[in-house]
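Each of the next two complexes has subunit A plus one other chain: subunit B in the first, subunit C in the second.
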Partner chain A sequence: MPLSAADFAAIWLTLQLAGLTTALLLLIGTPLAWWLARTRSRLKAPIGALVAMPLVLPPTVIGFYLLVAMGPQGPVGALTQSLGLGTLPFTFSGLVVGSLVYSLPFVVQPIQNAFEAMGDRPLEVAATLRAGPFDRFVHVALPLARPGLITASVLGFAHTLGEFGVVLMIGGNIPDKTRVVSVQIFNHVEAMEYAQAHWLAGGMLVFSFVILLTLQSRGRSRMFN
Partner chain B sequence: MHARFRLPLDSFTLDVDIALPARGVTALFGPSGSGKTSLLRCIAGLAQAPEGKLTLGDNCWQDSTRKLFVPTHQRALGYVFQEASLFDHLSVEDNLRFGLKRIAAGDRRLQPQQAVSLLGLEGLLQRRPQHLSGGERQRVAIARALLVSPRLLLLDEPLSALDAPRKAEILPYLERLHGELEIPIIYVSHALEEVIRLADHLVLLDNGQALASGPLQTMLPRLDLPLARSDDASVVINGTATEYDSDYQLLSLRLPKSDLCLRVAHQPIAPGRPLRLRVQARDVSLSLQQPQHSSILNLLPVRVVAVAAADNPAHLLVQLDMQGSALLARITRYSSDQLGLHPGQALWAQIKSVALLC
Partner chain C sequence: MRPLFTALLLCLLLPATSAQAGKVTVAVAANFTAPMQAIADAFTEDTGHQLTPAFGSTGQLYAQISHGAPFDVFLAADASTPAKLEAEGRTVTGSRFTYATGALALWSAQTGLVDAKGAVLHSDRFQHLAIANPKTAPYGLAALQVMQGMQLSDSLAPRLVEGQSIGQTYQFVASGNAELGFVALSQIYRNGELSSGSAWQIPTALHDPIRQDAVLLQRGANNPAARALLAYLQGERAKTIIRTFGYQL
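Up next, the complex of A and B:
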């Protein structure tokens, strides 16, 4: 196989980044989706729009503002420096922060849809069966939203794998730290190493196809039950 | 139990102040959109009326003057929703245990096996709700609500989503609850048939207001209420089984506080058992003299109490007194003129059919 150690390092780094990002996004995104699905607050529309922004913005725009915010003069940078963590650009943590922003809508929206689709009824039923608000969330809302949570995880993971612009803006191209597969493909193409580029690019193509195929057929089997 | 609520809704304001008996089934009856379900949701705390007070025995669940509002999950009530509301992610057994395991062991007055046999759920426990019929699902929902050992059971048109055979399948179970539970039941319905079979007490709702409230026996014959004008206008009589004619297979039923008896074709029933009878207004005809040579079994002396217009100009409704029990007759205006009908008049009622309800 024509893949080099650097390629494997990039693959491993990418999987770590996507896995960690997905896990964190489920933790952040689930309560956020719950709030968006249930609130009658006037803030719902602006917050919802903000969450959806990464869907339409060029990744370079997101990357640029993240770079500025996380840099030594930015608010996030000031915070991380005062906590003794240094600055985030050009670090793996910086990539994670960038990916969280970039993939947020892909996780929040399926979960929000699932919460909205179940309606109030199951929660009202649970309330008449003595379940308090948190109990209802954990034992009724989450299990009923399971298909949405699975879709959210898969989309969040797959979308983070494919990230390029944001990574390039805030991560650069540091082996073992910030060089992910998409950047490595770019490097290969720049160096005219088309064979290696093909292996990585083709691998991502097949992987993404399989993931989306699984998701589609799950959706179909649910429809028929 | 006492409930007072004022809640503005889309097209009208729910505004009721009612006292309900502490035992038996109270039906909230009225046309669709009359506020029945809204009232039930206020009682359950699923909706919060800005002005309201709700007390059940010594418990106060809402008092807007004291800013007191007990959330639903802290109210000792059971609620059965209109449509199947089982948790699809749990088996029937886990659905039944959902509420049960959330109440203190000391508060459990009903064991799972009792609920299972009361509602005939043996054999369904391992199934998923998706694989149950509509009737089975409602039975599971009722059992699940009972297993939280509620002090009040609320049923929101539990039969309305079901077809006639499924309704017939569940009604006997509901009648059993009525007989075996010591707690008050509030039953929302727009089907007079169900109300007549199940209710002891009736609250008539229209446009968010309680038109009238009282025991079923006294509400049904009232000519000033829409009940008497409906096609199924009926009275309910709580009789007692007396003797049984096994030769002709006829059961005699004595009317309350009277020596009058009605006879009905039925299987034997032990003498002394209280029974509920229904007589429809359209099955009662009137005669000036005691009819002779008639095939109609039940010929009883009655006295005219009042006469009122029916739902069409050809008919009249006549409220009759049968030694203390009320009876309704639906006759033509022509017949009324022929008989010279007037309040206080003594007549003979011929009752073509009597239905034994439980």
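Up next, the complex of A and C:
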């Protein structure tokens, strides 16, 4: 196999990025999805639209604004600098922040759908049994939303694996920090190293297919039961 | 409904039928973006031909051309890529020539950070130094040679960030995310002077010359507008424009 140490470093980095992003998105996305599913606030529509924005925006737009916002003159950059963290572009943390934005709808929407699909009834029943709001959320809503949570994790993970435009704009192609697989494939193609590009690109193809196949067959078995 | 439809269809056809003058599509290396835009205007004014430029890194454009991209002319950022295309039979033999010799600059968007000798490279007054990817962008390779010549490549390595083209490298520095960067002089030079920030114009002796070659591609072999452009690039008006952007000829 013609893969180099740099390629394996890129693979490992990509898995770390996707894993960490998915974990953080489940933490942030679940309460957000819960709020979006239950609220009658006027803010529901604008917040829902904001969450969905990365679905339709070109990654270059997200990447460009992140670069400007996280730069020394940008609002996020000013905040991170005042906290003594420096600026985020060209760092792994910066990529995590970018991926959180980029993959947000892929995690929030399946969970939100699951919460909406269960309706009010299970929660009302739980309330008549004296379950408090937190108790209802943890012991009733979350277990019922499990398929949605699984779909969200898989989609969030897979989508972050495939991230390219945002990383290209804010990453700076630094080995072990921001050089993920998609960027490494681009580097190989540009340098005309097509054999290595094929190995990595083919690997991504197979891996993505397996992930989505698993998701699809899970969905089917649930449907038949 | 029908007359409206016909009218729309006519509108679509009009530009195609009224274009008497020729059209040429040019693949242009990113560092030559600004001069190309100026030359395109002058070219259309002087010859009546329409010019459509497509900008990218030389490596990227090479990959596109070798996969049949519809370009008539290629203005590369180096001499080796056009030579390679010629060896592969994708160009018109004998059409290759040097249209500009690039100059490299160490640039910062902050005034006063870069001194006239590049001594700032020895300091710790910056966290990130942006260069173009040396594997694919000739200006990145030249930057690497400068750092090696100054025996700084090891000490600077942890602070390097790479842009995929010289255009992206410029963007990293212009947005302030990288305090310093090796960019093309043409990106920061207007009418013989620095347009903003601070810069060190790197002596050409510190790196191999960045000879930028142009070539007529097979697809443009029978396109009069493409041949006209290659001739125009060697004319006085184009040369003057190229010089004002800091290139040598």
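Brief remarks on what is shown
We adopt the following convention: the second predicted complex is superposed on the first by the 225 of 225 C-alpha atoms of A that agree within 3 Å, B and C clash if a C-alpha of one lies under 4 Å from a C-alpha of the other, contacts with A are read in each partner's own complex, and residues count from 1 in each chain.
Simple rule for what comes next: a residue touches a chain if its C-beta (ideal position, glycine included) is under 8 Å from a C-beta of that chain, and two chains touch if they have at least 3 such contacts.
Note that the structure is predicted; figures quoted are calculated from it, not measured.
Applying the stated contact rule after C-alpha superposition, one finds that A:Phe186 touches subunit C and leaves subunit B untouched. Of the two partner chains, subunit C is the only one that A:Val68 touches; subunit B does not reach it. Once the two complexes are laid over each other on the shared chain, residue contacts for A:Ala52 go to neither subunit B nor subunit C.
Judged by the touch definition given at the top, the superposed model places A:Leu15 against neither subunit B nor subunit C. Touch criterion met: A:Pro143 reaches subunit B, while subunit C stays clear of it.
In the overlay built on the shared chain, the residue A:Ile28 is in contact with neither subunit B nor subunit C.
In the superposed model, A:Gly172 lies in contact with subunit C only, and not with subunit B. When the two structures are aligned on the shared chain, A:Ala126 is found in touch with subunit B, with no touch to subunit C. Touching subunit A in their complex are the following residues of subunit B: 44-46, 71-74, 77-79, 81, 85, 87-89, 98-99, 102-103, 130, 144-145, 148. Those residues of subunit A that touch subunit C in the shared complex are 67-68, 70-73, 86-87, 89-90, 168-169, 172-174, 186-187, 189-192. The touching residues of subunit C, when paired with subunit A in their complex, are 57, 59-60, 62-63, 127-128, 130, 133, 135-136, 160-164, 168, 171-172, 175-178. Those residues of subunit A lying in contact with subunit B across their complex are 121-122, 124-132, 135-136, 139-140, 143-144, 146, 225.
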